[in-house]
Amino acid sequence: MFRMLGNIIRNLFSKPATRRYPHTKREPFENARGCIDVDISNCIFCGICQKKCPADAIKVSKDGKSWEIDPYKCIICNVCTETCPKKCILSSPEYKAPEYQKSVNRRIKE
Amino acid sequence: MGIINKSRVKSPWVVHFDCGSCNACDIEILACLTPIYDVERFGIVNVGNPKHADVLVVSGAVNNRNKRVLKNVYDQMPDPKAVVAIGACAATGGVFRECYNVLEGVDKVIPVDVYVPGCCPKPEAIIDGIIKAVEKMNQRVDSEKKEKKE
Amino acid sequence: MVQTLAAVILIIIAAPIVGGILSGIDRIITARMQNRVGPPILQPFYDFFKLIGKESIIVNRFQMLYVLAYLALMITSLVLFVLKQDLLMIIFIMAFGGVSLILGGLSVQSPYSRIGSHREILQMLAYEPVLIFMVVGIYLQTGSFTVQSVLDMNEPLLYSLPLIFIALLYVLTIKLRKSPFDFSTSHHGHQELIKGMLTEFSGPQLALIELAHWYELVLILGFIVLFWATNIYIGIAIALLSFVLEMFIDNISARMTWKWMIWVTWSLGIGLCIANIALLY
Amino acid sequence: MPDRRTIIPFGPQHPVLPEPIQLRLVVEDERVIEAIPSVGYVHRGLEKLIETKDYNQMIFVVERICGICSFMHALTFCQAIESLMDVEIPPRAKYLRVIWSELHRVHSHLLWLGLMADSFGFESLFMQIWKTREKILDVLEKTSGNRVIISTNIVGGLRRDIEDDMMKHVLNVVGECKREMDRVKKVFTHDYTVKHRTVGVGVLSKGKAYELGIVGPTGRGSGLEQDSRTLGYAAYDQLDFTPIVETDGDCYARMVVRLREVFQSFDLIEQAVSKIPKGEISIPVKGNPDGEAIERVEQPRGEVFYYIKANGTKNLERLRVRTPTFANVPVLLAAMPGAQLADVPVITLSIDPCISCTER
Amino acid sequence: MIENVTEIRKEELTDEVQKIKDGGYRLVTASCVDMGPEFMIYYHFDKDNTMRHLKMTCGKQEEIPSISGVYFAGALVENEMKDLFGIKFKDLAVDYGGKFLITGDAGTAPFASNVEQTQEKGEM
């Protein structure tokens, strides 16, 4: 009956293992897959990422010179960052914050 | 009354319903209860009963069979309530969007307050989502009270 | 007369606050035992006021009636206890309170709350005899059933009724709905009957039930304080100590079936009481 | 006297089950007469996606059939395609696949042990086990980028490598978790209240289990020697291990099998890390698969079975997945009658149901 | 290719499966492939890590004898096939009547392409 007693007493007198999340944010691991973004300056709008994306979350229009990703469709698998010939799609380990409305992340190259 | 509003923010009871999720999001929601994240600090308790709950946490893309169950669970919850859609599947159907049995996202069935992106989102993001949903629920109740006063 | 009236009003207001703080401490210590931080101390009050603010879904007309009856009976039993009235009457009023809550649970069609109410009856079956034996023990010791007589005794009750005190700890576990015996309705979310008897109550009704539960908590701890009535501070210390002991028991045992509970409380509980009473002769 | 029977919908939305499955229990005052499962609440029909997505994209769809055994789904799919295009992956990739799948098995078994403790009302044990599991999830996130869905498998090897310092980190986390699990092991095996709730509950004899085709730890709890790792896929043929078998086939035996398998996985990880050779981790693969292939891998819940038919185009023609829980569902029909109502969640969880696996 | 596959006709199914069961095999599963004009059904069995398969072709509207009499677990697989491919089975042990996985409004037999599949080889 008292097998768990040792663990209980050890827990009671040791500091709680909780990471006080909102005050102490743990900085994310360096190659974690957080969310996808593009530095539009050297994107050539070839559309390979659009074809390779398993969730069809990327829309590229050559004439409108726009690259657009829907973070609510994206499954963060990083295939686009690997297949992009110009290596201009970047994956940041920071996860995307929740929002009230779904938004689309659109980049246009002037 | 100030105290009821203040206490509504401080004790959001959560009921979790998985409609068609690959249960990666479900175990992340359960991971929020564990010692490392411990949502009980914010008063969040995972009650299994929609009648006692304020926040409905939904994960997974709704399919044709559980859309009725989802509607039923949503209607059973007493008012002021909020809905949090966890993960890409709940927001837009995610990777299963073109499947024949999947309705794309929870907002096709019930009104959703907060969308948490990610496949699967980290427990920190889920905690943010629930807290944001409760704040939005509180503002909605305050604005309704003001209209009743005029 | 005015003095007793003041005492009554003081108790009616003070008891829920003490009960709420005690269950707040309970949740914090249980969380610390699981290596978690746990909620703020006033969390039960936040839950209470939030539930008051919710829209109330009335499943049938009698539910609110039963909940109010449960609350009123609990308050009267606590007031009688404080006014040092007859112990037997207090226990019967408490039993009526429990029964009215069970009727509230049974009045609803849902199978969960129906089976939860059946189990609550079984729980009452388990702890009522122990309470009655306690009163019999007190009568044998002090010659009368009233609380006043216990207070007038010179040496503490615990010396003469130790076994009954241990049996009373079982009652405290059942009453606090703690782990080995929390199968009719338990605070932890993951229970096969969801919330058992309380599945169909929601919003304000649940708030009133929680309030009545605080009264009940203070009343039962009051019984334990009786066992060391000569010096009130030691009595309170024993009560709090047994309260902490309940948390330990909750965290080291799984939830057992009701057959096991009946077997344990009847054999051990009543066995101890009978042994104790035999000792007195 | 059928009137004394009540039908309890052990409903799709229930706190004990993280996923929706409905068991209509015909109950005669707390004794279960019959349990009729009704499924389909998680059916997405993702096998039809092969018509719109090519086989490289299908890896990410197949991985999301079930979040807890996602690595093994991708592993089976990639191995089937590799056998179709007869591609030989580098030895280091084989060892890495073993390390990741064993880490994934530990995280899945710890998850299950916590949920099982929670189902018979032992919250502090649930918290303790999941605290240990968080360490494993941190390792998975450091090595593969995501806590639960480790998408590092591609056709022809792996996308990510584990460098040496990360390998050392994996080893000492495994050592830490082994010490923590030693403390908790005794509670599962010797605690009186735990044994009272699990011994003799939901008994399944060896003959009945073999006849119903039960696989994985649920079958091994009843004495079946079946473990797909003995097939020797990836690098399992170079590691020595024997399937863990218990004989008395009740919930307690199934729990002990999974508990011992956690330690077996720790030991397998240490063996694999000590034997892992240097070298690159994947081979570029050109062209499209053609023909039919069958592949079987050991998931935390049992043997998963893949049948793939490809016709030389980018899109496959047929993908058929039979997951272990689909084979273990008959246990619910066989072991449930006669049980107490309080034991229903314990039995349902004792087969480690993964409903999203069952219905794809 | 898959080895040790034995081709059988619809009539021999039940006693062929009975022979395999006496041989000590356990039923792994059954897979159905839509070959356009008709279905091709595999039954997979396993004994100590060696597999045996039965291959059978049947028309779209034909009725097939169910093996749930021999292997009870076969009933679940056949119910799923009835749902997804619309195959009709004779004397199924447990019959969900097409409501096993999908409800009515998701379309009947989504996997069976009633129209002739004209998929040419090479790039789509």
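In this document, chain identifiers A, B, C, D and E correspond to the written order of the chains, with residue numbering beginning at 1 in each.
Note that contacts are C-beta pairs under 8 Å (C-beta built on N, C-alpha and C of every residue); 3 or more make two chains touch, one makes a residue touch a chain.
Source: prediction; values computed, not measured.
Asks: Hop across touching chains from chain B and tell me the fewest hops that reach chain E.
Replies: Each step joins two touching chains, and the minimum needed here is 1.
Asks: Which chains lie in contact with each of chain B and chain C?
Replies: Common contact partners of chain B and chain C, which must touch each of the two, are A, D.
Asks: Report back the single chain whose CA centre is most distant from the CA centre of chain D.
Replies: C
Asks: Could you work out which chain's C-alpha centre is the most distant one from the centre of chain B?
Replies: Most distant chain from chain B: E.
Asks: Most C-beta contact pairs, which chains?
Replies: Per-pair contact counts point to B-D as the maximum.
Asks: Where the centres are mean C-alpha positions, what is the separation of chain A from chain E, in Å?
Replies: 42
Asks: Where the CA atoms of chain B average out and where those of chain D average out, how many Å apart are those spots?
Replies: The mean C-alpha positions of chain B and chain D differ by 27 Å.
Asks: State, to the nearest whole Å, the distance from the C-alpha centre of chain A to the C-alpha centre of chain B.
Replies: From the centre of chain A to the centre of chain B is 21 Å.
Asks: Could you tell me the distance, in whole angstrom, between the mean C-alpha positions of chain C and chain E?
Replies: 60
Asks: Would you please write down the residue numbers of chain A that are in contact with two or more other chains?
Replies: 1, 3-4, 8, 11, 16-18, 20, 54-55, 75-76 - these are the residues of chain A that touch more than one other chain.
Asks: Give me the residue numbers in chain C that touch at least two other chains, ranges are fine.
Replies: If we look for residues of chain C contacting two or more partner chains, we find 31, 33-38, 189-191, 194, 251-253.
Asks: Going by the touch rule set out above, which residues of chain D reach two or more other chains?
Replies: 14-16, 40, 43, 45, 48, 60-61, 64, 122, 124, 127-128, 131, 146, 191, 193
Asks: Please give all chain pairs that are in touch with each other.
Replies: Contact pairs between chains: A-B, A-C, A-D, B-C, B-D, B-E, C-D, D-E.
Asks: Mind listing the chain A positions that touch chain B in their complex?
Replies: Interface residues on chain A, with respect to chain B: 16-22, 25, 35, 54-56, 70-76, 95-102.
Asks: Which of the residues in chain A come into contact with chain C in the complex?
Replies: 1-5, 8, 11-12, 14, 16-18, 20
Asks: Which positions of chain C touch chain D when the two form their complex?
Replies: The contact residues of chain C facing chain D are 33-36, 111-112, 114-115, 118, 179-180, 182-183, 186, 188-192, 194, 251-258, 260.
Asks: Within the complex, which stretch of chain B touches chain E?
Replies: My answer: residues 63-65, 100-101.
Asks: Across the complex, what residues on chain D touch chain C?
Replies: Contact set of chain D toward chain C: 6-9, 14-16, 30, 117-124, 127-128, 131, 191, 193-194, 196-197, 340-342, 344-345.
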